Amino acid sequence: MTSANAYDVTKWPVGNPHEDIGAVINSIIADVKIRQASRDVNDGGKPGAVIYIPPGDFRLVTQVLIDISYLKIVGSGHGFTSSSIRFNTPAQELEQWHEVWPGGSRVLVDLAPSGAEDDASKAAFLVERAGNPRISSVEFADFCIDGLHFTDAASNGDAENSYRNGKTGIHLASANDSFRIKGMGLIYLEHGIVAYHSDALTVDDNFVAECGNCIELRGMGQASRVSNNLVGAGYDGHSIYAENFGGLLVSGNNVFPRGRSSIEFSGVVRSSITGNRFHSFYPGMLVFSEHCSENLISSNHFLRDREPWAPMTKYDNGLDDQFGLLHLNGDNNSVIANHISESIDTQFLEPSYEKPVIIRIVSGRGNYVANNHIVATTEASQTNDAPNSACFSTQVEAILSTRNLTTLDVIAVKVEPGSIQNTILDSGSDAQVVIDRAVNAFRGTPMPGQQLGSAQLEPT
Amino acid sequence: MTSANAYDVTKWPVGNPHEDIGAVINSIIADVKIRQASRDVNDGGKPGAVIYIPPGDFRLVTQVLIDISYLKIVGSGHGFTSSSIRFNTPAQELEQWHEVWPGGSRVLVDLAPSGAEDDASKAAFLVERAGNPRISSVEFADFCIDGLHFTDAASNGDAENSYRNGKTGIHLASANDSFRIKGMGLIYLEHGIVAYHSDALTVDDNFVAECGNCIELRGMGQASRVSNNLVGAGYDGHSIYAENFGGLLVSGNNVFPRGRSSIEFSGVVRSSITGNRFHSFYPGMLVFSEHCSENLISSNHFLRDREPWAPMTKYDNGLDDQFGLLHLNGDNNSVIANHISESIDTQFLEPSYEKPVIIRIVSGRGNYVANNHIVATTEASQTNDAPNSACFSTQVEAILSTRNLTTLDVIAVKVEPGSIQNTILDSGSDAQVVIDRAVNAFRGTPMPGQQLGSAQLEPT
Amino acid sequence: MTSANAYDVTKWPVGNPHEDIGAVINSIIADVKIRQASRDVNDGGKPGAVIYIPPGDFRLVTQVLIDISYLKIVGSGHGFTSSSIRFNTPAQELEQWHEVWPGGSRVLVDLAPSGAEDDASKAAFLVERAGNPRISSVEFADFCIDGLHFTDAASNGDAENSYRNGKTGIHLASANDSFRIKGMGLIYLEHGIVAYHSDALTVDDNFVAECGNCIELRGMGQASRVSNNLVGAGYDGHSIYAENFGGLLVSGNNVFPRGRSSIEFSGVVRSSITGNRFHSFYPGMLVFSEHCSENLISSNHFLRDREPWAPMTKYDNGLDDQFGLLHLNGDNNSVIANHISESIDTQFLEPSYEKPVIIRIVSGRGNYVANNHIVATTEASQTNDAPNSACFSTQVEAILSTRNLTTLDVIAVKVEPGSIQNTILDSGSDAQVVIDRAVNAFRGTPMPGQQLGSAQLEPT
């Protein structure tokens, strides 16, 4: 402990952090509030504190309530390992495993039942404060929050694959400013990060996977950044979700399956999705709902193929292939310079006799879709029931088996009737684009033998 | 203290870090120099040191002078809160606030007057060393530098909104290599970071806001990275500025208002501005001055709307709407795949009777402007005088009110006379682009009913 | 030491970390294994540990073998300085230098000869474990691994410029999951980071330079991220290399010379190279070998000019200018919205009488090359033999001398015979693109006076 404001949960005299780290952290926060109780005089602030969680197993029975600004909780390890593989491995094989649980600076979420039904009550870490100013600069860094088990009783004996346990990792309930969530590992939680009313939030370099939902920005918010994360939600949750946001930047993330959506914006405007890699097993991997406007989707790589892992093949997100791999509602959005790969055999399409839709503008005007490269092929992958790392090898090998695939016929872009003044350029050939050309602008990607060399044009 | 090279300002026997952290750090540096005085023998180096600043208020009266390589100064909290909202809140309301100052590991800049007028003398942290090699690998991480007050006496009673106090946070004066500035909070400084002659500099994930100028790369430099920051300067300063640089990468930043410019390059070449989100209240949000060449501007989201917050509506950057939202001087630059939104009522344009210019090539040849989507509408926002977080809500709601806006007539691209051999593709319709087509190449974005399907072309 | 799982190499009772940090860390790992030997009961894990390396010189004689999950090794400084400049500076001048070696938390790699010839045996840090599950969440952060000297005896007295010494910094030998390598400095190693069989690997914000090869992802792997690094390899090694990978995201890196390639993919599919800045002195700066498919290359800045520094002008990568600056083998890749600058005098081209090739599709079908801006000029730079920081100034000044350069004739895109169904749009004029238009699609960038305004088109 280097100063009064630097705490270590294993050194604090109240409580036992291995039995209930929640009670210990709440006791530390109470101490900070007592020591920093007086209002500032002559530029003096209430600087907050840092609480260190060393590597170790720390059970959390009591919810942590953070209601002071400038609190940083930091560990020394995000501690991710795949619990999903573990829970689909036979017990006798597990006996040979080196370890079976996540690690690092690990918080085991084992909240005592509160009787409350609201999501905030189910969070391991709740940030909430009334009054002014908005709570500022709380930081979470480099530790692990492990929900331990999925437990949905209605899952027909498949509870550990249900992605439901009523647990949230971090829940920001009241308006907040300049928070940072960095380097965290969030595992086996129904909700990883839920942030209401965020301004200038940073969610960077986290490992949020095998959670029902991973990163949810709710309520409304502005001027935030979700960048450089590794993310992958369950089959009926969102990997990245934002609603009623302006000025959000989602960049540099590697979003892997599953996820009902890889990313969904609802009522989001003037925001960016750039330079991400998205991989999904279902249609609707990107969804704009509730009228999203003036957003930019550029330089992303999208891949949709089929679920290769036996324990998960019975699940999907319930959407069919007419829904659109990118499903867009709203006006004046830009979809530029993306690569989109779809790899699936026609027998697995739903409905199997219709060409799947890649980019679908459901409604809206003024959208600009240009220079997207859509590659659709029959699939190379195969289902695999290997319980653990063999799955990784099979999946990688399937991905790598991309030579000599047969082309799959698709609708590259579909602009639904009633949508007008949209512009579709070089994102599919004439035959691949469904659009009312009288009320929308269209230039098909040239075909071999049809090239438009500038020399063919007359000087004006 | 874990080893002789790991210091904690609150444990050092000389000085009181709460009264003058500058004197304490200088004393520590002197100690490092004494202990690491001998030149290396048999691969032995002068490894430098780490100085830890725990959360707390630490006044800086004496400038820190860093003249050794491999010094890392690290805290446990960037500690940002909005001082701008605070200084525009009535005193009686402030009495109800939880806290009114920034926090975390907070350095309060209160430099004793030195009599010197140069910028370097006014910096809290000055890095300067003569001789060889260039000073290397100094690192600043995860603490707060707070300039406390703006104080311009000529500001007609609005000193705290003047963005002037003669204070700089970090000033790199001599040629430097492989520095890192990460996770910092810089607040209420006239200059946040000023870096002269930088090679392989990293400025990543900082929160630099409510500063006169935020990040300035001066002198000349190369091969550096300004990425993943949250940034917003005052109305007459730069959010990001670079001069005489080669190989700069500006990516993944969320740059919010205000800022005379969101980003300005002066004499910069072969550099990148990619995947950023920029928001401004004035024209000239991106400026290339002094002949910038061979730079790439791609996959950025630009938004310009009108100042919504009453205390700031009297200020602007003095530029009119003919200046260009993107104002470019120079040759062979690329502007590709950006989304640009302008939202303002014609009554607020200057001059109000002329169509505003979005991308303006003032002079130069060989520039390539392609596949930019420009959306111009009358505005949804309204001025708001709410003193604190209500401003956030109003701003967000205004941003979200983007349905059914009226289209605003603009000049999408203007290529000034004398500029030749530029190429403008799919970035505006014929009617929206002003260009001499005899000496520049142009293809207008197709309009509905004018589509160029590849089937319309004759095979060659 | 804050808990049993938090170690400091300078506090450990076994061994002397300054004499052999390898033996100390191995002793600590043995202690972790003893203390965490029991298998989990009731959700209890084996949380691993953190090992701290403070700033200082720590010789490594014994290889570190990591075979436990959740181990984090962390320092307080990446400690890079240019050893290349130092070894090309006259001894008498060095006597005036402030320091001549890298610093920070510095590991001096001085491995005892093992007799083994495999690469894994030559690594300072080896991660290897048999059985299940894959080893997870090992983290390296914020320290320096210094190979000290290059030593190739066959280098005709230029051993320190040979980039060969048989040393590797970090070698991941067995299948691994969710590793993180962040903030490291890797210097004067023949191989910086070599990662076999990685899943969900993060390599972020490292400084890997003056290494023979910098970042190599080998074997096979998936869903990983190489982002925000500063990287530059030797003239015969790779700056970034990946083989047999799916779902790799390479983004936001600043990759400077030299490097036989700035980036090479071999058998990589469905991966992204976006938003990077690449600078090279040779052809073949980006190479796709062994059939790479469905990858996205977008929003990157590429610069190739000529080696300006006298000690290195005798070296190159042996490729000629017909090889292609971007050399692509494979199907269905996307090259969209990049800026590519080549600056060289014709006398230095090889062969000097042929136009150099910028983008070359050696073989493959279905590739999509659109909206790339290729700028080719005679060079502004000059060779310089200044031994140290003067080189920086000369290089920067050369870069900045980009006005009034003469245009260099190039082949912007060359699609080799036998390659079919490729699409080349707006990436070069008719005269600059070599392609069989009967079997590939082509639209030349319009030329001045040839513009295709949408008004010229007939409504359909």
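Read from first to last, the chains carry the letters A, B and C; within each, the first residue is number 1.
One rule holds in what follows: a residue touches a chain if its C-beta (ideal position, glycine included) is under 8 Å from a C-beta of that chain, and two chains touch if they have at least 3 such contacts.
As the structure is a prediction and not an experimental result, all values here were calculated from the model.
S.K.: Take each protein chain as a node, join two nodes whenever their chains touch, and name the resulting shape: line, ring, star, complete or other.
M.R.: Complete.
S.K.: Rounded to the nearest 5 degrees, how far is chain A rotated relative to chain C when their C-alpha atoms are superposed?
M.R.: Here the rotation carrying chain A onto chain C measures out at 120 degrees.
S.K.: Shared numbers divided by all numbers used: is that above or below half for chain B and chain C, i.e. same or different?
M.R.: Chain B vs chain C: different; shared/all numbers falls short of half.
S.K.: Could you state the distance in Å from the CA-based centre of chain B to that of chain C?
M.R.: Comparing mean C-alpha positions, chain C is 28 Å from chain B.
S.K.: Show the residues in chain A shared as contacts by 2 or more other chains, in ascending order.
M.R.: Expected reply: 228, 252, 274-275, 298-299, 336-337, 371, 437, 445-447, 449-453, 460.
S.K.: Show me the residue ranges of chain C that touch chain B in the complex, using the header's touch definition.
M.R.: 8, 10-11, 52, 54-57, 59, 76-82, 85-86, 89, 93, 96-106, 108, 110, 148, 183, 185, 205, 207, 209, 228, 230, 252, 254, 256, 274-277, 279, 298-301, 303, 336-339, 341, 371, 373, 375, 377, 388-389, 392-393, 395-397, 399-400, 402-403, 426, 437, 445-455, 457, 459-460
S.K.: If we count contacts the way the header does, which residues on chain A are in touch with chain B in the complex?
M.R.: Spelled out, the residues of chain A in touch with chain B are 2-3, 5-6, 39-40, 43-50, 68-70, 72, 74, 129, 131-137, 139, 175, 177-178, 180, 182, 199-200, 202, 204, 220-225, 227-228, 244-249, 251-252, 267, 269-272, 274-275, 291, 293-296, 298-299, 331-332, 334, 336-337, 366, 368, 370-371, 420-421, 423, 425, 429-430, 437-447, 449-453, 456, 460.
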